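In the two complexes below, chain A is the common chain; its partner is chain B in one and chain C in the other.
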Partner chain A sequence: MTDPLIAVALVLVAVTATAAVLNREPLRQALVLSFLGLALTLLFVFVQAPDVALSQLAVGSALTPLMIVLTVRKVARATPARHAPEEDDAHDQDGEADR
Partner chain B sequence: MTRRGRLLLFLIAATVTTVLLVGAFVELPDFGTNFHPYGDRAVHAALEHRTANAVASVNFDQRALDTLVEETILFAAVLGAVVLLRQVTGERRRPPRPARVSPAIRRLGVLLLPVALLVGLYVVAHGQLTPGGGFQGGVVVATALHLLYVAADYRALERIRPLGPYEVGDVVGEAAYVVTGLAAMLGGSTFLANVLPWGTLGTLTSGGTVVVLNAAVGMEVACGVVVLLATFLDQVVEIDEESDGARPGTGESR
Partner chain C sequence: MSTSPGWLVAAMVPLLCLLPVLWFVVRGEPRNRLVAQNLAQLLTGFVLLLTAQGFGRSTYLDLALVLAILAPAGTLVYARFLGGLPPAPLVRWTAVVGVPATVLPLCVVSGAGRETVKLLFIGAVLLAGAWVTSSGSQPSSEPEPDGTDGPSGSEPSSGERAAKRD
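Up next is the complex of A and B:
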């Protein structure tokens, strides 16, 4: 029986999706969005939709968060004064994006 | 709009959506039963055209026109990103600095890059047999190339990623899909009909046009995602404003 697995995946999706909405900091949101993508991937695998799961894994948990992170980085640098307090949070991503 | 007005608008929209959703769902077959009227017909049609992956058959044979539109959505999105994120007046391009990468990450990247690339191409080529296809495989191929950015630096990525050919590849992939559909019409059938020999079920060449359309989408998606990520990465790594602060035109130029 895969039903308990589907239930667990559904709860995971609900929790991560709510967390993504409630999080107000874009960088953290991107990370949570990535987890939401993973949760959705699990759900799709459990309901036997591997094709959709593959798309979700590639786009939802890798591509979209990456584009958000890059955008945040660019915007933060264009307006340094307003985003100064977030610089510390952004630091991990900075090292990556600078290269 | 006031807070009250917004809330009222939301409540009206939410009520209408809820009523429509519930109305649509009560007639659906129960979740998790063995009653799949659409699925049974789709699998039957897929096997008739010797396509082992029924999902690929739905996407590239039974509903090939939908996939053409879907492919065009990505094409238009990439085009829009390229236009919006281009280098504008007052911005300068500075060459990316070489980066120091720890040897362990470098080794891992060098090891993973060919594997990821191969997996991506495999997913595209086996779309008619196993889960995956042009879209999924294309994204894997595109992101695999970016392992070079992680393992080395941006200059290394730019060397294997001259944008011109990838832009051409994006267009060719999109055009190849339409041309395949038109070729079927020229052959006396309907647009995007599966007119090629269907082959033997379970072999790499089975599925007729599914193979061709998968390759076209794979090329379009791989090249499109590379171009899309390049426009974003260029903005972050290379493009800078000429002078900080005094640029009143920033708001309008975006």
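Up next is the complex of A and C:
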């Protein structure tokens, strides 16, 4: 009975990983990566490796997407300040346009 | 240890429900993606609960416990970064219907003991997390002190750092 479960989990992992690659925007990629972590967790549970599933759940579905989101936020905040440090109004508008 | 196929067949139901949810995570509107992600975490919790019973190993319940605690926290953090979380009646009703439908039969099967207490606790955490995250949040209209403190407190400090570097 575990074979259909493993098959469905494998399909989920394959589709989600492909979608994560095809998604070009990092913020949306973070959510897809979080889903990929969940799918991998399920796959590891179905092949009865709960210890691997536990670490995958913590790292893959929570930590990695969170770090991506934090990085995107920091980069988006730091980029306009580097472009034009003397013209406050100009680089503020640049930053708004970039976002 | 023997697997009981009935529970694994039951685990197939929320697992197959994950497939349409995946579509919304990948191709939905930006707001709906977060809701779909929240729903996916809830469904994964159901699968983990049913699989633990299906494989006859109560230690697998730890996974569901970790997920039930991590999922709402992660969703709320995302909601803060992505700018708000829309109200999601689908998530709320899935939790209200699915949590008792999953946890109560498992409690009946496992009988009185530590496992039942654990199951009830996981069910309560899942339900509470889904209830909180499905009610939605709009951080722009909230007059919360830490909601307004965070960005305004860190912007000047980064500006000062940039000024010192120059």
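What we mean here is this: the second predicted complex is superposed on the first by the 79 of 99 C-alpha atoms of A that agree within 3 Å, B and C clash if a C-alpha of one lies under 4 Å from a C-alpha of the other, contacts with A are read in each partner's own complex, and residues count from 1 in each chain.
Operating definition for what follows: a residue touches a chain if its C-beta (ideal position, glycine included) is under 8 Å from a C-beta of that chain, and two chains touch if they have at least 3 such contacts.
Keep in mind that what you see is a predicted model, and the values were worked out from it rather than measured.
Contacts of A:V59 after superposition: chain B is touched, whereas chain C is not reached. In the superposed model, A:P50 lies in contact with both chain B and chain C. In the superposed model, A:T71 lies in contact with chain B only, and not with chain C. Contacts of A:V13 after superposition on the shared chain: neither chain B nor chain C is touched.
In the superposition on chain A, A:D3 contacts chain B only, with no contact to chain C.
More residues of chain A lie in touch with C than with the remaining chain of the pair chain B and chain C.
In the superposition on chain A, A:L38 contacts chain C only, with no contact to chain B. In the superposition on chain A, A:R28 contacts chain C only, with no contact to chain B.
In the superposition on chain A, the residues of chain A contacted by chain B and by chain C overlap at 50, 53-54, 58, 62, 66, 70, 73, 78. Interface residues of chain A, counted against chain B in their complex, comprise 3, 50-51, 53-55, 58-59, 62-63, 66-67, 70-71, 73-74, 78, 80, 96-99. On the side of chain C, the complex with chain A involves touching residues 3, 5, 8-9, 11-12, 15-16, 18-19, 22, 25-26, 30, 33-34, 37, 40-41, 44, 47-48, 51, 54-55, 57, 59-60, 62-63, 66-67, 70, 74, 77-78, 81-82, 158-159, 162, 166.
If you check the complex, the residues on chain B that touch chain A are 32, 53, 55-56, 96-97, 99, 101, 123, 131-133, 135-136, 139-140, 143, 149-150, 153-154, 225, 228-229, 232-233, 235-237, 241, 244, 250. Of all the residues in chain A, the ones that touch chain C in their complex are 1-2, 4-5, 8-9, 11-12, 15-16, 19, 23, 27-28, 30-32, 34-35, 38-39, 41-42, 45-46, 48, 50, 53-54, 57-58, 61-62, 65-66, 69-70, 73, 77-78, 81, 85.
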